[in-house]
Amino acid sequence: MNRIISPKNAQKIMKGVFWASGIVTIIILLIIIGYILIKGLPVINLEFLLENPIDSGKSGGIAPMIVSTLIITFIAVFVATPIGVGAAVFIEEYTKENILVKLIRLGSETLASIPSIVFGLFGLAFFVIYLHMGWSLFSGGIVLAFMALPTILQVSEVSIIAVPRSYAEGSLALGGSKWQTIYRVILPAAVPGITTGVILGMARAMSEAAAILFVVGSALAMPLSIFDPGRPLPLHLYVLATEGISLDNAYGTAAVLVLLILIITVVTNTVVERYSKKMMGR
Amino acid sequence: MKDIGEFLIEKGLLITAFLSIIIILLIIIFIFSEGLPFMESYGFLKFIFGSIWDPSSGDYGVLPMIVGSLGITSLALVFAIPLSLLCAIYMAEIAPKTMRKILKPVIETLAGIPSVVYGFFGLIVLVPIMRIHFGGTGFSMFTASIILTVMILPTIISVSEDALRFIPHEYKEASLALGATHWQTIKNVIFPAAIPGIITAIILGMGRAIGETLAVIMVAGNVAQFPTTISDPVRALTSNIAIEMGYATGIHYSALFGTAIVLFIIIIILLVVANYFHYKKKITIGGGYL
Amino acid sequence: MDYRIEVEDLNVYFDEAHILKDISINIKKNRVTSLIGPSGCGKSTFIRTLNRMNDLIDSFKMTGTILLDGGDIYDPKVDVVDLRKKVGMVFQKPNPFPKSIFDNVAYGLRIHGIKDKDFIEKRVEDSLKEAALWDEVKEKLDKSAMGLSGGQQQRLCIARTIAVEPEVILMDEPCSALDPISTTKIEDLIHKLKEDFTIIIVTHNMQQATRVSKYTAFFLNGEIVESGLTDKLFIEPEDKRTEDYITGRFG
C-alpha cells in the first residue's frame, strides 16, 4: 500500500469536488440571471412595454419588438408543430425502421446541427432574394420553423414511443381504425411530451437572432401585417448593445427576454405536470 | 378494404416526414450553388488556406477564421469539459434528491438563455474585467471562450448525465460489494462504461460552440488575423458571415456563402464522429465491446 | 466461538413497509447456510443487510444488531468499504464489468491498492482455478467478459469475489438465471468453497438447499419460521408452515 492518498481520503476529497462542481453551476446561473434582472427590471415599466422606440431605441419602449417576437414565434410553432408531429407519427406508426426512416432521421439530425447563421444565409438567399419576398416577419417565422422542426420531431417521437402498446391494442381490438387509434388514444397520451417539445422549439425560436439577421429586416416601426419587416427582441438587444445606442434599454430588453423564457418554461412545466397527473388519475 | 380518409392521412403524414429531408436539401442547394462556383473560380486551396481576408483588395483567405473558430472552441472545451463532467457525475451519482431537483431546472435555464443575452452579459461584464486584468481591449479569444464555456455546459452536462444513468445498476453493486469506495466505482467502472455517451456529449457541445454567432461577435473582437496569444482578438467563421453579409455584394457575397460551406463541412465531420460513437454505444448494450 | 455472524432482533423497513420482523439467527463458520422461502419473503433483503448493500436505498431503516466476528457491522465507526471486503456477494444475475476477464478478477485487488503485477496474476489464476473456470478461459483472459456464457459469467463473478479473500460469501439466488448444467457446476463449486469461506445462499430451489447446505432457514412474510440443520428441517420440520412449504402445499 504505497499510495499517497488512501482510497478513503480520495473518496472524501472527490465528494467535495463533486459538490463544488454542482454549486459552481448554480452560481454561474444566478450571477448571469441576477445581473440581467437587477439591471433590467428597474427599466421595465408599462411605458417601456407599450410604447414605440424613440430615436432608434435611445429612449421609448419596445412594443414593436415584443409584437415582432410574438408574430415570428407564433408562425414558427404554427408551421413546425404539425410537420414535426406528423413526421413523428409517420415514423413510429406507419412504417418500419427502413432506409426512408434513416434518411428522415439523418435529415432532421443534420437540420438540428446546422449553425443558425447558415439558416440566416439560406433565408436571405431563398425567401428574400429567390422568392422576392423581401424582408418580412413571415420569412423569419418560416426560417425559425425549420430550426425548431428537429426538436419537435425528436421529442414527439420519444413521447409516442413511450405510450404503452396496450393502449393502441385496446383501441384496435374495439374496431378502431388506425388513424382513430392514433388520434384518440396515442396522441392524447403523448401530449405532455409533445407539448414540452413544442415549448422547447418555441423558446429556441424566441431567443434566436442570428438566423433572422438578414431575413426580417430591422424596422423599428410596429409591424402591421406578418409580411412587414420587424425587429424581434433578441435582434433589438443585439443592435442596442453592439451599436452602443442605449445601455439602459438594452438591460430592459434583455430582462424582458429572459423573463419571457422563464415564464414560458415554468408555466408549461406546471401545466404538463398537471395534465399527466390527471391522465394517470393521480 | 381501406377507407379513403385513412389513405389520405397516411399520404399526408408521409409528406410531413419527407419535409425535413426536403428542407435540408434546399438549404444545401442554396448555400452550395452560391458558394461553390466562387470557391472553384477563386481556388479551393487558396480559399481555405489563404491567410488574408480583405474583401476590398480581393483577398478571401478563410484560414484565420478557421483558426479563430477552432481556437475559441477548443479553449471553451478545455474549461467546460472538467466542470460539466464533474457536474454530470454529481447529478447522476452523488447529489441528494433535493440538489438534483434544484440542478435540473438550473441546467435547463442555462440552456434556455438566449445567446444574445450571453453575448450581452459578456460585453458588459466580462470584457471590462478582462481589460482590467489582462490588458488590451478585453475583446479576445479568451473572453469568447469563457462565454462559450457557459453556453455549452448544459449540453455536455445533460447528455453525459444521461449516459451515466444508463450504466446498469448491477455494475455499481458488483463494485461496491467488492469493497470499492464510491469514487473508485465511479472512476473504474461507471465512467469508463459511459465514455461513448460522454464523447457524444462533448461533440454536441463542440457543435454548439462552433455554430454560435452573435454571442461570439459581441466579445471576440472580430479581427480577421491569426491570434498569437489567447488574449488576442479573433474572428470566427460564423462571425465573418454575420458581420459582412449586411453590405456584401458580388464576389464578396459569394465568398461569405463559401465561408458557410466551410462551416457546414466542419459540422458534418462532427456529426459523423458523433454517430460513430453513438453506434459503438449501441453495441455495448448488446454484446459489449469494451 | 464458532459463529461467524450473529443476528439479533433485526427489523428492516423500507419507508413504512415492515420487510423483516424480529430476525434472530446465528451463522456458523465455514458452513453453508441456505435461506429458503417464497418470493417476497425478505430473504434477499436479509442478505443485503449483511454487507450493507441496502444502504444504497434511501428509504432503508433498521433496528437490531448484526455481529460479524463479534463486532457490530452497523456501528457508526465501521467503514462500509472494509465490511464489504470481508463480506463478498454474488448476485442473482451475473454482473461482470464490461472489461476483460482478467481485469474483472483483478478489479478488487487493484481497488484495494495492490500494484504487484506478479501477485495479481497469481491471484487471478488461483481465483479462476478455485472457481473452476480457469481451463475454460485461460486462453482468452484479455477478452471481454461479456462474451462468456451465463454460467461462465456467474463463475467469473464468484472468482472475482474470492480474489479479495472475504470471510463470508453471500449468494443471492446465484443459479436462478442459469441452465441445469451450469447450476451443477456452481453447486460443486459451493461444496469446495466452504472449506475456506462461510457461505450464505438464498435459493428458490429446495433441492438445491438440501444438496448444498448444512443449515437452512425458512423465511415467510419477513419472519424466520424455522431454522436449523438442513436434514432435520426437511425431514421432520417443527412448524406446520414449514411442512406445508417443503411439501409444496403452500400458496
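Order of writing sets the chain letters: A, B and C. Residues in each chain are counted from 1.
Methods note: contacts are C-beta pairs under 8 Å (C-beta built on N, C-alpha and C of every residue); 3 or more make two chains touch, one makes a residue touch a chain.
Predicted, not measured: the structure shown is a model, and the values here were computed from it.
Common partners of chain A and chain B, by the touch rule above, are C. Once CA atoms are averaged chain by chain and compared with the all-protein CA average, the nearest chain turns out to be B. Across the assembly, the mean Cα position most removed from that of chain C is the one of A.
Contact tally for B-C versus A-C: the pair with more C-beta pairs in contact is B-C.
For the pair chain A and chain B, the distance between mean C-alpha positions equals 17 Å. Note on chain placement: the centre of chain B and the centre of chain C lie 48 Å apart, centres being C-alpha means. One finds 52 Å separating the Cα centroids of chain A and chain C.
Across the assembly, chain C contributes residues 81, 111-112 that each touch 2 or more other chains.
Counting only residues that touch two or more partner chains, chain A has 7-8. Residue positions of chain B touching 2 or more other chains, listed in rising order: 180-181, 184. Residue ranges on chain B touching chain C, taken from their complex, read 97, 168, 170-171, 173-181, 184, 188-189, 192-193, 284, 287-290. Only residues 79, 81, 111-113, 115 of chain C touch chain A when the two sit together in their complex. Residues 7-8, 10-11, 14-15, 17-22, 24-26, 28-29, 32-33, 35-36, 82-84, 86-87, 89-91, 94, 100, 103-104, 107-111, 113-122, 124-126, 130, 146, 149-150, 153, 177-179, 203, 206-210, 213-214, 234-235, 237-238, 241-242, 247, 250, 254, 257-258, 261-262, 265 of chain A touch chain B in their complex.
Only residues 1-3, 6-8 of chain A touch chain C when the two sit together in their complex. The part of chain B that touches chain A in the complex is made up of residues 3, 5-6, 9-10, 12-21, 23-24, 26-27, 30-31, 34, 83, 86-87, 89-91, 93-95, 99, 102-103, 105-110, 112-121, 123-125, 150, 153, 157, 180-184, 186, 207, 210-214, 217-218, 238, 241-242, 245-246, 256-257, 260, 263-264, 267-268, 270-271.
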